[in-house]
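In what follows, chain A forms one complex with chain B and a second complex with chain C.
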Partner chain A sequence: MVKKERIARVLVVLFVFIAVLIFVVGWLKNQNLNADSIQIHARMPENGGWSVTSINAETNQPIHLKLTSDDVVHGFAIGKTNHPAVDIFPGEFVETTLLFDKPGTYTFYCTRWCGVNHWRMRGTIDVRGEGPLVTNPPPAYLQLGIDIDTEHEAEVIPATDVSPQTGSLFADDLPSYVLDQETYFSNSPAKIWMRLRAEPTLSELSDQEVWDVVAWIWQKNTSPSMIETGQTLYAENCAACHGETGKGDGIMVRDLPKHDSDEHSTNDPHSESGMGGLIRPHDFTDANHVLGASPALFSGKIIRGGMGTGMPYWGPIFTEEQINALVSYIYTFAW
Partner chain B sequence: MKSDSVLKNLVKKNWWISLIVLLALLIIFIPLPQSQNDAADRHFQVEASMFQFIPGRIQVNQGDRITLELISTDVVHGLSIDGYDFELIADPGQSQTATFIANKTGVFRFRCSIACGNMHPFMIGKLQVGPNWVLVRGIILGVLAVFAAFLSFRQSSHIQKSTVS
Partner chain C sequence: MNRVDLTRFPKTSALLRSRWPQFLLRAVTLAGFVFTILAGLFGSVVGSHNFAIIFVWIAWWSALKLFFIPFGGRSWCSICPIPMPGEWMQKGGLFSPSGKGFGLGKRWPKKLRGNWLQAGGFLLIGLFGAVTLTSARVTALILLFIIILAFVLSLVFERRSFCNYLCPIGGFTGLYAQAGPVEVRVKEKQVCAEHSEKTCYTACPWGQYPLALKSSADCGLCMECLRVCPSDNIAVNLRPWGSDLGPKSKQSLDEVFLGLVMLASVLVDSAVFLGPWGQLKTAAYEIGSLSWLGFAGLFLFVSFGVLPSLFSTAVWAATKLGSAKTTFRKTLMNYGQVLVPLGLMAWIAFTVSFAFVKFSYVLPVISDPFGWGWNLIGFTGKAQVGQSTPFSIWIQILLLCVGLFWASRVANQISETSKQAFPIITFSCLFSAGMLWLLIG
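And now, the complex of A and B:
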């Protein structure tokens, strides 16, 4: 009888112990799961954007992220890195691991359009650690002192379509500076045309042939793969405002007034009409506008944004190669 | 002999019921000649925004080759058609185009296939292939029912009158 009672007591104690143990083990396990992973909810910018906008990290320490969306499709990527972009679908968790080997401040951003304020969905990752900080040299438009806010109408434009093939025929007669990448980068096509037109050695060429030469120079400074990269970047990031055909009539800017260079409405803060004084972007198929701009000017515009048009700044996101690819793609609209 | 005559009388009096039943069956099941239109190539631009398709209703003929271009104006939207193996997903700035052949007649719903917010389940549209015969048959059937009700009312009041007198 006593023995039975003792067994019963032991059993009761054992069961109570097991019951408590289950919760303790579960809690410990959960702790381990969430200890080194950060959970981020993505929401439309109007509803709060990223739930976490700044992350502190150290070099060579992996960061585990658990991402989910509370409303629409979002994406996650880190600017100026090779980290592949991940899509975030509402109601699903997606995990990704980041690893930085250089200290610095990185920008993470949303990669899928989620409304007019999509580009505002950005956050920073502060990576500390040994080694030289990732710093970016001042962009070329600052070094060259180009004012990216002024109008840049082309002084001259070609009368008909240009042909780089024809231009390549005169390659041997050209002065040496035209093949310098620096010349390409800091001059607009119209400027180069005027310089070449003034060359006495090229006086036999017709105006159109000089344009063919300029087109050939522009083709020399790009490649099919660059154009392709530019096209992909343009479709994903720019087309919603600048339009799929580059006409500046993207679906996000439909309700905005058109750019009017005669009135200079951008300089007058009192002539605001509609959406906070914002205007539509320029028409890239308009040679007057595009051929008057140098690659340095265009890349400056992409890096800094603004210009009174509500254009976001892409400096922290695109690498130099990506911006060059985009710029060379922009010229393809106008030729 | 007497019961037989009663039955005959009943049938005679209520012949219209069987006529109406016959008509109703005819309306429901009569096969209609399929309109033999030449298949045409048709292009539609559908704009998707939160939470609607514009146009929300597409009407085509059977056999048409339909090219749909989906333009998204705010967030990522999709378009899938019930009953057809067809889906499009478009980001803003990246409109998508695809073609299918409308070989099934009837009315089909198309809906947003990518979750796009709280009202996403109600983002639907209608694709009508060929004339909507179900609706036409339904209307004729309804008219017939009204006619039958009217007739039965007259008949019953007639019977009542005859029994009273």
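And now, the complex of A and C:
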């Protein structure tokens, strides 16, 4: 009897020990496996966001990342680089290796619309090493002193649809400054219209024909491929709030109050305009709003975000070319 | 009597008499229990990738309802590891009690006897179910709490007090074991009556005296009575399903209450997990929020209000239709039996609705139990959420029909006239229709 009892006790302890052993050995093995890689858990910002938000690296030294999601599908990408975006599925692990050849601070971000605070899922990678530091020149809106927080209603808008083709017929009559990229960048379509309207040489043209000229200038400063790039970026990053058709009615903002220029005051963060003072974005199909803004102003809004709305800052994520492409796409909603 | 006594065959008799097979199974389940707690605490927070969630709430919970109870009554209780550590201390031995155990050996307070606390425990699981069922951490903490509680209680109270009076699963299993096809009974009553020592009662961890055992609800099928009986007077019978139910049996009030709580739970669980109401699901998940309080209120209203009043009305009508001698209380205790087949088949139908769909998660979590990205047996990432097939829908309909037919048959057997059974059958029809709507509609 005593012998049986002893065997029974040994067996129970042994079985439980094996269960614990599997766990402990597995745990240690896991630590070893992950010793040369960084494990990052992606979680919705409400649940904690990225488990690692700051990574230090050296130039030309590969960084191995092991990514997993603790809740919903997320994505991982690095702003201003060509590193392909990686999808991260709940409970599954995906590995990726990063290599930077220029020192600087890079931003990694979530590429999937994981929730209302999706855009807050960001972190930085500090890359140190030889070579010139990747720095960004101050954005144009600062250089030009444009206040991106004020209203920018167009002084004038076209009465009907514009035709860049018709506008191109008057190309030879135009003053040289309007063909300058600088002029395009720092002026709103409405401003350019007013300047052209005031030109005595163009007094023969009807108001609509001057608008056709402005539309042609805008077309000249972009290209079909830029518009296409802008459209793709817009669909991936902007449409969830601004809406696929640019109406400012994306799925993320449908519960927010509409923009009302009379009531909305950007100086008052406690204005009673809904959830946390946030309001819906402007309607890009509203010519009054869009034709009153210069490309520099729009790119400033994209770079810095804010404006009393929930607009994220895209400066660390989009390249200058990408932002220019987005800006030219935004104008297509209003023409 | 239509029964097959397993102790009559040398092989099955040896299997049941030896402590080793059962002991080894319990040792394995204990190790599995510890492993599950570790996986729940330290593994992936994503439920579908954690051994604890898949094994407790898909594999075990389904197996209990689809296999253990319908084919073995309280057979799970006979290999459940939860009382094992406490009993080791209490009896001073794992395998053969030395009699030098620790423990105060107090009797469980009279006021707390019965299935009341078990019903309450089951309600609590339901109220917090949405989180318990999806969070591996919470599941592990509950398992840890349960095993510690069972351990402490066995040091304070005699025998398996936790199993008898607190374990919500014990209440669930015991209730439906009455419909199960296994029973432990004495062979010759006379032999027991003449045996003055009552070794079986002394040995029974459940505090049962086999001679007095009428319902399989209270017997945990541990086989200790069989092993200690000097006269080989204990039978382990295979019997027709539902043998405990009939005119000669009755339920105690707490069993009737437990039966109603189980009906309410299966209705609410079906509504939350299978129903099309997103808001209800969200409310069930947001524990502590106002909407969750609403959900809890609804759950308790169905458990304490809707079902008891509907059933009471049916029983009241049946009392009126019965002979003059019958009282409401007596009728209630008789017809309480109807809730057993009705609830059992509803729970099985509910389980069928999700078990087949989610069973594909089982192999992947064996391959990667902690969700750390392992691939032990090559099944990681192979989980496919299935679709419920027309086949599964027909099975669910069939199961509910069987439940309704079975409940009506029990109601008829109990009733003096078929007219008297009518209100009870109407109640069963209403419940089955509700379940059908939630599962299929």
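Please note the rule applied: the second predicted complex is superposed on the first by the 293 of 335 C-alpha atoms of A that agree within 3 Å, B and C clash if a C-alpha of one lies under 4 Å from a C-alpha of the other, contacts with A are read in each partner's own complex, and residues count from 1 in each chain.
We take it that contacts are C-beta pairs under 8 Å (C-beta built on N, C-alpha and C of every residue); 3 or more make two chains touch, one makes a residue touch a chain.
Treat the numbers as computed from the prediction; the structure is a model and nothing was measured.
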Q) Once the shared chain is lined up, is A:P90 touching chain B (first), chain C (second), both, or neither of them? A) both
Q: Determine, under the contact definition given at the top, whether A:L144 touches first (chain B), second (chain C), both, or neither.
A: neither
Q: Classify the contacts of A:V52 with the two partner chains as first (chain B alone), second (chain C alone), both, or neither.
A: neither
Q. After superposition on the shared chain, which partner residues are touched by A:E236: those of chain B (first), chain C (second), both, or neither?
A. first
(Q) Is A:G250 touching anything from chain B or chain C once the two structures are fitted on A? First, second, both or neither. (A) first
Q) Looking at the overlay, does A:R112 come into contact with chain B only (first), chain C only (second), both, or neither? A) first
Q: Determine, under the contact definition given at the top, whether A:A19 touches first (chain B), second (chain C), both, or neither.
A: second
Q) Can you pull the chain A residues that chain B and chain C both touch? A) 71, 90-91
Q.
Can you tell me which positions in chain B touch chain A when the two form their complex?
A. 71-76, 91-95, 114-118
Q) Across the complex, what residues on chain A touch chain B? A) 44, 71-73, 89-91, 112-116, 118, 235-236, 238-241, 244, 250-252
Q: Flag every residue of chain A that touches chain C in the complex, lowest number first.
A: 1, 4-5, 7-9, 11-12, 15-16, 18-20, 22-23, 26-27, 30, 66, 68-71, 90-93
Q) Once bound in the complex, which stretches of chain C touch chain A? A) 23-24, 27-28, 30-32, 34-35, 38-39, 42, 44-46, 48-50, 84, 88, 93-96, 98, 370-374, 381
